Amino acid sequence: MSRHRTRMIRAALAAVAAVGLAVGALPMSGAGASVRHQSSGAKCPLGALKRAKGPVEITMWHSMPRANEATLQKLTDKFNASQDKVQVTLLNTITYEDTLQKYVAGLSTGDLPDLVQIGDGDTQQMIDTQSVLPAQACVKADHYDLSGHLKRVIDYYTIQKTLWPMPFNVSGPVLYYDKTKFKSAGLDPEQPPATLDAITADSKQIVDRGVAPAGFGLKTEPGNLEQWLAKAGELYVNQGNGRKGRATTSLFDNRTGREVYAWMKDIVDRGLAVTNPDRGGSIYDNLLGIGNGTHVMTIETSASLGTITDVLGSGAYPDIDLGVGPMPGPSGNGGVNVDGAALWIVKKSAPAKQAAAWEFAKFLNTAESQATWAAGTGYVPIVTAAADSPAVQELWARIPGYKVAYDQLLSGPSNLATAGPIIGDYAGVQTAVRESWQRMLSEGTSPRAAAKAGAEAADAAMQEYNARVGG
Amino acid sequence: MTLDAPAVAGTPRAISSTALETRMAGHRGRTWGHVGRYALLSVLAFVVLFPLYITVVNSLLTPEQIASRPPTFFPTNPDWSTYSRAWTNGHFGQYMLNSFVVTTIIVAGQLVTAILAGYAFAFLDFPFKRTLFVAFLATLMVPFEVTIIQNLTTVTNLGLYNTYAGLAVPFLATGFGAFLMRQAFLGVPQDLMDAASLDGYGHWRFMVRVAVPLARPAVAALGVFAFLTAWNQYLWPLLVTKDDEFRTVQIGLKQLRNTSIDQVNVTFAGVVIAVIPLVVLLLVFQKQLVRGLTAGAVKG
Amino acid sequence: MSALANEAGLDLAVETRRPRRRRSRRIRETGLAAIMLAPALVVFCVFVFYPFLKNFDLALYRVPPFPNLPSTYIGFEQIGEVLGSQEFLDSVWTTVLFALLTVPTGIFLGIVLANLAHQKLKGVGIYRTIFSSTVATSVAVASVIFGTLMNPQVGLLPWLGIDPHPPILDNPQYALIGVAVATIWQNLGLSFILMSAGLQAIPEELLEAADVDGASAWSKFRNVTVPLLSPTIFFAVVVGSIFAFQTFGQIDLLTQGGPLRKTNVLTYFIYTELREQKNPGKAAVLAIALFAITMVLTLLQLRFLERRVHYAR
């Protein structure tokens, strides 16, 4: 092609690009009002449901796998059969991460559910989408009594006196371990380690006696750092753990945090622990490792217990006698936070649907539902009446492991540390922590430097998010 | 040192002793060389095939057997249920259907647009022809990631998010297809064209009755190539679908892998299911595939 | 452009088949051409050219994570921020490194296999089919297979002794190599087919003449086969690099850009900015950078490598 033609085309393309840039140069400004205060005007449209003729159909997105999904479906079917005002359809959106991404994408495409289960860490983001009806509004309109709920659960999801989502599935980190191997190593199977140093000591004994190649499966789960600081009674981020205002700096680069980092490096360097990933296809390697005998203990969410019980019950890994203990960690004036997810009512739905979503969320919070839910999954019954029910009491007697997470949430004071951190770019902070650990464990960074680097990266992530959100 | 040309018939020129010696050595070496070559080929074939082999084997074992050491290399007690489990739990029935539908749409679209455009470039005369052709080729240069952001918005605004149409529409035409068909059409002999124009054939008739049938190998090659790339797509289906209804086989594999973490055998069964259509395609259309993949690479 | 055109076998001089045309015929043909080109052009304009240009616009805005909040125009500040960031530079290096790991190796293996299978041995057809078989595998298939092979719990590689701590795909030093191995295997079939076709185009007489002249296998390979194969090799390098820069699926399935972003190639970086960070503005800047780098690399290859290509004509 002739040079002249090439130049002409290039010029044309440049011109078009220039026009594009010029058009783009028109600035777009917008309101920057603080997002937090917009909750006060929200109204719960209970009347719309009463006036509705015929059943109101709503969709709920959830990420419950396998055994948990089956139980949820059972509860949903029961709800649908028990009344004729509301019909609920469930949609499995696979993981908490995927669900949030789909939800945010849905804000543009219009493809949204009426009720959505969102992981606990994304609370601030859900608030920032300005697309949800705070549960508080319905609590007020319906005169709903929250006093029967576990305080720590309500504390987590309440920010500046507004309960944003309705809680549903609450879990906590617990220690899973193989009692059989404990016995072989000369350790008391009913006394799992309670501190980080005890983990190291027990692991050493396990390895020294040749019971397993490693004692502990260290999953690089950043949520564990939050929990360890909460157990020590310390704040994770500033601004009252992100509850008094937007968090801008992290606080985990303190003595407790550095001790945690140092412990991690020590136990791995001494060959007493193996590292396991917390994402991707190998996300449950820490649990599989106990089954396959590569290590003997690990920290994992209590929410997995239902699936684990199923897998063990089917005859796989017959030599394992699984023990469940409270999460080991630093001690202080604190306690473990809630993990899990909660249910958000989508404001963009028609008023009748919003009210219908509230009805379903309420149903899932009744003592009976929570008893069924806890017994079928391993999630913590978040209503004390459910904990006292025969179904749950029988489960706890039969498999005491299911009670561990519940007890954890009752122990310790109620303060900002135990309420847990609220962070806008929660995933960004987690990435910062995860990478600082990986650097420390594989590139030999010192624990002090790693903690500092992690904190700095976390701060940068939080501040970038805040800038983009205009708060 | 040279010897006079000896008894080798038909070779009048002198052969140097080094050449002769090399040749004789070659003859001796050739038998050893034969065995050696088969051995080498077999070793390499084993290495290349091993991942697929182990996949098929593992799809028939139990998770304990897979984790056991030393590993099991042959399923003495094959567990065929993994395939039905992968099919149902992995929703492969739906995913295969989706992949087939989308792939068919894309292949049909690419064939039609490529034939039309290739014909125009080969047989018609019009202004800005060179420019347009270069523009067509330029689309090959633009990496897909550059366009996904906006394409996602466009497809959503057109209401095609999570639909077969949305999955297929950005791929209905490629510069590669137009190029391939153009080259093929350029090979139509002049006398055929003259005869056709004498018989009063218009362009459409000529295209349908003469040009396309003559270019059949290229059409087949393009079809196979388009099928292959459409079936194996990953990023776009990931972005543009949100649920089982429209998910394709490749994304289904990712899902199956993530949900069957303690049942690796089921995941592998899913892999085998995903590969089978292509293996069939490869065996049946081997020749066309080769031609399609090498167009433009080899001179002559 | 014309160099690329030449390589593509394009003979722009012989582009139409009608030696004589009258103006009216040209006008009619233009109309017809418009109709014929329209479908493809519409697809290109909507899904290639427009998004490409729109990127330049999008790159100038700091976009909030949710659509209800406003976008702020910050102009070139964002571009400068992103392009100057360590994460971007690391990502570019990772992308280049990945291409360096996969493209030459893949071509080399393809040549070796093609050469070995290009002999008149009985049953060589079976070997040729086996060597091409990976063309039936997709990125997802290869990733799931190799991901499991490298898994420390159930994989065979640890059993074979390849068992670093942390395991390959979690190991910042080896993760990229792990992904590269899966990619090379998956591309082997294609590479083999390409090189085989190239070999078949070499006239037999040239190879036989080398034999007659007493050339050793290696010398024959070096002085005859490779030069005559060079157009094919060149094509494989150019196209292979372009595709290597667009690697995505393997990263998503195997390492998700980690560990420590050591496998965070540009395409994956763009994806995470888009999906997880919900930041289309930053993603647009990265996409433009990816395009620019690909173009520059291709042009460099066309300029400097094509000189060494030996065209038979």
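Going by the order they are written in, the chains are A, B and C; count residues from 1 in each one.
Convention: a residue touches a chain if its C-beta (ideal position, glycine included) is under 8 Å from a C-beta of that chain, and two chains touch if they have at least 3 such contacts.
The model shown is predicted, which means the values in this text are computed figures rather than measured ones.
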- Message: I'd like the most central chain, judged by C-alpha centroids against the all-protein C-alpha centroid.
- Response: C
- Write down the chain pair with more C-beta contact pairs when B-C is set against A-C. B-C
- Averaging only over C-alpha atoms, locate the centres of chain A and chain B and give their separation in whole Å. 43
- Note on the structure: The distance between the C-alpha centres of chain B and chain C, rounded to whole Å, is 14
- Task: Could you put a whole-Å number on the gap between the CA centroids of chain A and chain C?
- Result: 39
- Task: Give me the residues of chain B that touch two or more other chains.
- Result: 63, 67, 130, 134-135, 257
- Out of chain A, which residues touch more than one other chain, so two or more? 1, 108, 281-282, 288, 292
- Note on the structure: The positions of chain C in contact with two or more other chains are 1, 12, 54, 58, 147, 153, 253, 275
- chain C partner, complex, touching residues on chain A are 1, 6, 16-17, 20-21, 23-31, 97, 101, 104, 107-108, 125, 128-131, 274-275, 277, 279-282, 285, 288-289, 292, 294, 427-428, 435, 438-439, 441-443, 465, 467-470
- Query: Once bound in the complex, which stretches of chain C touch chain A?
  - Reply: 1-2, 5, 12, 53-54, 56-58, 60-73, 75, 147, 151-153, 165-166, 169-173, 253-256, 258-261, 275-279
- Task: Spell out the part of chain A that touches chain B in their complex, as residue ranges.
- Result: 1, 5, 9, 65-66, 91, 93-95, 102, 105, 108-109, 111, 281-284, 288, 292, 311, 316
- Query: Okay, in this complex, where on chain B does chain C touch?
  - Reply: 16, 18-19, 22-23, 34, 37-38, 40-42, 44-45, 48-49, 51-52, 54-55, 58, 63, 66-67, 69-71, 112-114, 116-117, 119-127, 129-130, 132, 134-137, 139, 141-151, 154, 169-170, 172-173, 175, 178-179, 183, 186, 188, 190, 193, 203, 228, 231-232, 234-235, 238-239, 249-251, 253-254, 257, 264, 267-268, 271, 274-275, 278-279, 281-283, 286, 289-290, 293-294, 296-300
- For the complex, which residues does chain C have touching chain B? 1, 4, 8-9, 12, 14-18, 21, 25-26, 29-30, 32-34, 36-37, 39-41, 43-44, 46-52, 54-55, 58, 113, 116-117, 119, 121, 124, 126-127, 129-142, 144-149, 153-154, 156, 159, 185, 188, 190, 193-194, 196-198, 201, 212-214, 231-232, 235-236, 242, 245-246, 248-249, 252-253, 266-267, 270-271, 274-275, 280, 283-284, 287-288, 290-291, 294-295, 298, 311-313
